[in-house]
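Each of the next two complexes has chain A plus one more chain, namely chain B in the first and chain C in the second.
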Partner chain A sequence: MPLITIDDQPIEVETGTLIIQAADRLGIEVPRFCYHPDLRPEGNCRMCLVEVQGYPRPTVACTTPVVDGMVVRTPHAGDQARRAVRGVLEFLLINHPLDCPICDQAGECSLQDFYMHPDYGLHRSQVDPQEKVRKRKAIDLGPMIVLDSERCVLCSRCVRFSAEVTGTAELQFVNRGNQVELKAFEDRALTDPYAGNLADICPVGALTSKDFRFKRRVWHLARTDSICAGCSTGCNLRIDHFQGTIERLVPRRNPAVNQSWLCDEGRMSFHALGAAPRLTKPRAQGTGDAVNWDDAVATAHGGLHAIRRPGQPSRLAALASTSATNETLLLFWRYVSETFTAPLLDCRLGQEDRWVDEREDTLLRRRDKHPNTRGALLLGLAADPAGGLRPMVAQAQAGAIDAALILYYPPLVGAEDPATLEALATLVRAVPFSVVLTTHEGEWGRNATLALPIAAWSEEEGTYTNYAGVVQYAGKAVAPPGEARAAAAVLGGLLGQAGRYPGGSTVQARFDELAAAVPAYAGLTIAGLASRQASVYPPEGRLPYGQEGFAGH
Partner chain B sequence: MERILTLHADQGDQPRLAVARERGAYDGLRKALGLTRHQIIAEVTASGLRGRGGAGFPTGRKWDFIRPQPGQPVYLLCNADESEPGTFKDRYLMERDPHLVLEGLCIAAYAIGAHDVFVYLRGEYASVGSILAAALAEAGEAGILGATLLDSPYELRINLQLGAGAYICGEETGLISSLEGKRGYPRVRPPFPAVHGFGQQPTVVNNVETLANLPWIILHGGEAFATLGTERSTGTKLISVCGAVNRPGVYEVEMGYPLRDFLAREAGGILDGRALKALIPGGTSVPILTAREAEDVTLDFESMQHAGTMLGSGGMIVFDQTVAMPGALATIANFYAHESCGECTPCREGTGWFAWIIARVLAGEGRPNDLEQLLRICANVEGRTICGLGDAAVQPVRSFITKFRAEFEALLPADQDTRPDWQRHGHGPRAARHGPLGQEAAWAEPVAGPSSARL
Partner chain C sequence: MDKKDLPVINVTEAAEAETNLASGMGGTLAGMRVTFNHMVRQVLGKDQVTIQYPEQRKPYSRRFRGVHVLTEREDGSLKCVACYLCETACPAECITIEAAETPDKSVEKVASRYEIDLARCIFCGFCVDACPEEALIMSREYDLTTYERDSQTSYGIGRLTTRPEIEAYGAGYRPHMHYPLVESYLPGRRRKVTDEPEKERS
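== the complex of A and B ==
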């Protein structure tokens, strides 16, 4: 394996590693625009020029593989490299518009960050703003993206993404020289379902998110690492929020799951949380009034427990959710299996166990629009081949069910299936006693004996297991509304009512229980999951965006 | 002098196949087909032939880089994009002796094992294309280069492709990109075209004039070729001379011929008996020579390099005393700004910036530090680009300003203030350095320190 030094630091890397990749692993920040770890290197921006001993001219770090014995100096430690990069940066800024005050990219802009860098920035402009080349601004490219071609630094990341990743080739350069402009053919709207990634990969404010446009300055955003709950792929993302409101979702890089990408549906999935009114207080039927939590949990357990007959299978329909976290599902399974005898226990609304692996396209999306089907299956929540919501409904209509415990999260991607809602409503109506744990108000749950408000995906921390069995930790970004609580906490409360020890209340403790209960998780810990997987950047060190692992790199 | 390239070019009817054959056309090809590929490459290497497009790379060595995997196709691309300003010698050959060029093409293709040849002809040369196409058709009908070459089983397909008006498509990899149907963007090297070229296959790109030398080399031998010219510049060179001379045109000279003699004899002396002021020997991409510097150079690669310039394409542009150098530089700078493809930052922005500054100086609105600015931009462009166009744009700017500085300085106003306009007129950090009470505004200076300073 070649051994090289970069800025006097040695590193051994695999053959074929690019200089820029080796520098990233050392935590040495080589500035760049056109290089992106998930796109083919192009070497056209010239920002990553470094000195290589013995080479007469500055070398492009993103297209040059390391050679054993190479001695490399980046702009941080080499004069020639510093002068080269200063020159390139100055060139990029001569025609760049003075848009910072109105540009959404401010605060996470490579141009801003490189300019502020003492090693190669902070030059004095020699160009009159009147001389700058003017190009078209604020071009609507469809529901996800706005193009400002004047801000474009022509790094060609978007052109390559559109050609290599989505294969749609919707963006291209036109004209020549400093008149080159990025353009969509006939300014047509981008129709591919991954267009949102263009705003992430654009290092400046040329391609920006229409959904996020002018909403919030990025330095006000709090950030929580999470996992997309839109389908069983489990793309890694980050929830950017401000004072309890989610402002946007951006991808985190994970080469094993989603590379640097999110599909548009997943990216927009947080909007679904506000689409309908939330359930904010525990509610008892009959009175229709709110009840307090303690009474609600006590009543819930009391009613469920009352249906037990010694020595006979419990006539309980317990429907878990493939959208719930592993920790929630563990507690659900524990409560149901420890309190009742051979109840109907399942997690399927339809055929999620068949859909969990099915692709919907050649990139990221899967047919199963639930994030934790695999997790539920691994916990044994679909053990009966003849189980599921529809069989439960049939049994209930035949009068064979005395109580129902339903955990339900509306899907974040795609519309709620009316047939599913109808089935849920039927189940609720057909049983004498029902406890429903759900996030939103819904017609189907109106007749439930007790409706308990729970936290949605972004309001509860926990783990999800994707289709391939990768267990991933999702953080809690915002507080649940009103009196809603994490479903895991509610189920812990029910376990307590049943006189069972609900287990540790931290996510670490719950995951340890999980790892002990599920052979597939043996040896895993939350701490091991929460640390970034295969991040290109180390935890320390300054990054152009100041954000570790931001997939925009 | 031995005429290798222009022996029959000025004899009428040379484009007609029957006439050309009478004068020996395709005899070289016939002989080459009786040799092995390695023998031909050895002959060409022994000849010392160097590329005639401007770079002067040894042709035999370039061919030798071709080492295809079994079953891998090899491509020969003929660079007929001739766009270097001042250069019109390839046109001359293609118009007047197209069969010489075609014969050279065939020999080269056979030597490197290429069965597909593309002639990339600049779009502005459409009329030249007609002549080439007619010659191809005639030769095809005559069975010289139909499906196979002469009586041999060697298959060869020659395709004529017209460009659409871009200097950058004369750059080796820009040409390849354009031929592949993409924007004519050059490519980062390595990998080089000999390994991954057209369609990612081994590719050789040769200039028209280079190829035109091959029939003679095959017929008379590489050693004979090497006896002509100088030690490191063998054979002859076509010089296309234009500008302030009495007889502009294309002339073949032996390498090493004194420039002074060329101007006086072949070019017929400076126009109207004026004095020579300056001269660009090989296309605007090479540094300009003053009249004094031009006195002692000879027309070959080494002598030009020694004089701080290059023989380049041989596109000679002659300036007399009546030419104002700033205006000439503006024309040249505008060319590069117009032709820069825009792919890489230094050339894209640098050539545009050159053009602005020079235009502003010409208009009498130059700033006192504009010349330093231009030289600084030169340093920031040179050596940092994907292809040679950036370097090419730098040479005229730097050499004109360095060697004719007084003419530029005469256009600058006497004003000593070097700040850009917007800083002089009360906007910007310098003007706002002082707060309303006259105190120093601490934030007016850029902060040197960790870039973690966030608002």
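== the complex of A and C ==
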């Protein structure tokens, strides 16, 4: 393997590695606009110029593969490279508009960051602002993106994204010289389901998000790392929130799961949380007022416990959603199986166990819109091949069920299936005693004996196991509304009422219990999940996209 | 130095002189003369220290940091483009802004809500320093007495642009008072902020 030196630091990298990748590995920042780890390098912005010993002129680090014995100096260490990069930056800023106060990219803009860098920024502009070349502004490019061609530095990341990743190729440069501008054909709307990524990969403010437009300055946002709960892919994302309100979702790079991308449905999924009224207080049927939590949990356990018959199977239907975290599902499973004898216990509203293996497109989206179906299956929540919601409803209508315990989260992507809601309503109506743990007010839950408000995605922390068995940790960004509690706390309360161990008080402790209870998770810890990709299904560990590959790759 | 060489002070003599009626009155009278002098000058109306507030008011510096004013463009539209820099700079966190989009592509972004909670404001002027457009300046208005706290101490776009006090007190502190970089107009007056009269209100 070639051994090279960058700014006097030696590093050994694989043959074919680019200089910029080696520098990234060393933690040396080489400024760049056009290079993106998940796009083909093009080397057109010239911002990553570095000196290589023996080369007469600076060369671009993003297209030059390393050669054994190479001695590289970045602008941080080499005068020649520094002068070159200073010149490139000044050149890129010649016609850049003075839009920072109204530009949504301000605060996370590469041009701003590089200009403020003491090594290659802080030049004095020699261009009169009145003489800058003007181009078209605020061009509406469909539901996700707004284009401002004046701010563009022509790095072509977006052009390559649409050509290589989505394959839609809607964007291209037109005209020549200083009149070059980015254009969609006839300014037609970008309708591909991954268009939102263009705002993320644009290093400047040329392509910005329409949904986030003018909502909040980025430096005001608090950031929480999480996992998308829109489908069973489990894309890594970051929740940006301000004073308890989620403002946007942006992808985090994870080469094994979602590369750098996020689908538009997932990106907008947080709007579903606020689209319908939330359940904010525990509610008991027959009492006009809400009940307090202690009474609600005691009543729930009392009512469920009363149906037990010594020596005979419990006539209980227990249905958990596969949108719940692994830790919540473990507590659900423990409460039901430790308290009752042979109840109906399942996690399927439809045929999630089959859908989890089906893909919706060739990039990210899966047919199964639950983030944790694989986790529920690994927990054995779909052990009976003939089980699920529909058989429960049939049995309840036949009078064979005395009580129901339902844990339900509305989907974050796509509309709720009316047939499923109807089946849930039928189940709740048909049983004499029903306890519903859910996030939103819903017509189907009106007849429940007890409706308990729980925290939705982004309001509690936990782990999700994606369709390929990758276990990932999702953090808590905002507080649940009203008196809603994390489902794990409610189920812990039920276990406490039953005289059982209510589970650990931290997510770390609850995950340790999961690792001890389920062989697939043996040896894993929450801290370990962050540092490595833990795939628990199938046991030999297959890379999610190993065989299938990305479109265009 | 020998002990006998030291100068001798007769303390008894000095004490007797102090208790002498005439010389003792002298010091008192000197003090009273200052007092009466001031009294006479006040009564005659020269060099008055006490003024009849609020009918009379003291002049304040042109750099006085009083209640804020949102300035306008020549056409009377609000200069603020909702960049949130004032809100970011504010150490008291008393500024609340909401941005909106305008069809005018030369402006793009405007403030649909701009509120300064003057009960929280510490009048440090950081917001005015932060403003890249001189859209926010301070006036020389300092009289903020109100009968209600919540409803009257929070100034929205309306009161920051159209209150009679702007006319009465005039513009106060702004960062480029003597070397204006941008043009801005006091609301409702169509007069450039830089054309503020030198004379201070008294």
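In the analysis below, the second predicted complex is superposed on the first by the 529 of 553 C-alpha atoms of A that agree within 3 Å, B and C clash if a C-alpha of one lies under 4 Å from a C-alpha of the other, contacts with A are read in each partner's own complex, and residues count from 1 in each chain.
In the analysis below, a contact is a pair of C-beta atoms (placed from the backbone, for glycine too) under 8 Å apart; a residue touches a chain by one contact, two chains touch by 3 or more.
What you see is a predicted model, and the numbers here were worked out from it, not measured in a lab.
In the superposition on chain A, A:Trp219 makes contact with both chain B and chain C. Residue contacts after overlaying the shared chain place A:Ala509 against neither chain B nor chain C.
By the document's definition of touching, of the two partners only chain C reaches A:Ile102; chain B does not. In the overlay built on the shared chain, the residue A:Arg57 is in contact with chain B alone; chain C does not reach it.
In the overlay built on the shared chain, the residue A:Leu92 is in contact with chain B alone; chain C does not reach it. Legend: residue contacts after superposition of the two complexes on their common chain; A:Ala138 is shown touching chain C, with no touch to chain B. After overlaying the two complexes on the shared chain, residue contacts for A:Ala189 are found with neither chain B nor chain C.
When the two structures are aligned on the shared chain, A:Leu3 is found in touch with neither chain B nor chain C.
Number of chain A residues touched is higher for B, counting chain B against chain C.
Shared interface residues of chain A, touching chain B in one complex and chain C in the other, are 219. Touching chain A in their complex are the following residues of chain B: 166, 168, 183, 185, 188, 337-346, 348-353, 356, 373, 379-381, 383-386, 420-422, 446-455.
Residue ranges of chain C in contact with chain A, taken from their complex: 81-85, 88, 99-101, 105, 108-109, 132-133. Of all residues in chain A, those touching chain C in their complex are 100-102, 106, 137-138, 213-215, 217, 219-220. Against chain B, in their complex, chain A makes its touches with residues 42-47, 49, 56-58, 60, 63, 83-84, 87-88, 90-92, 94-95, 107, 113, 116-118, 121-122, 125-131, 133, 153-154, 172-173, 175-180, 219, 542, 546.
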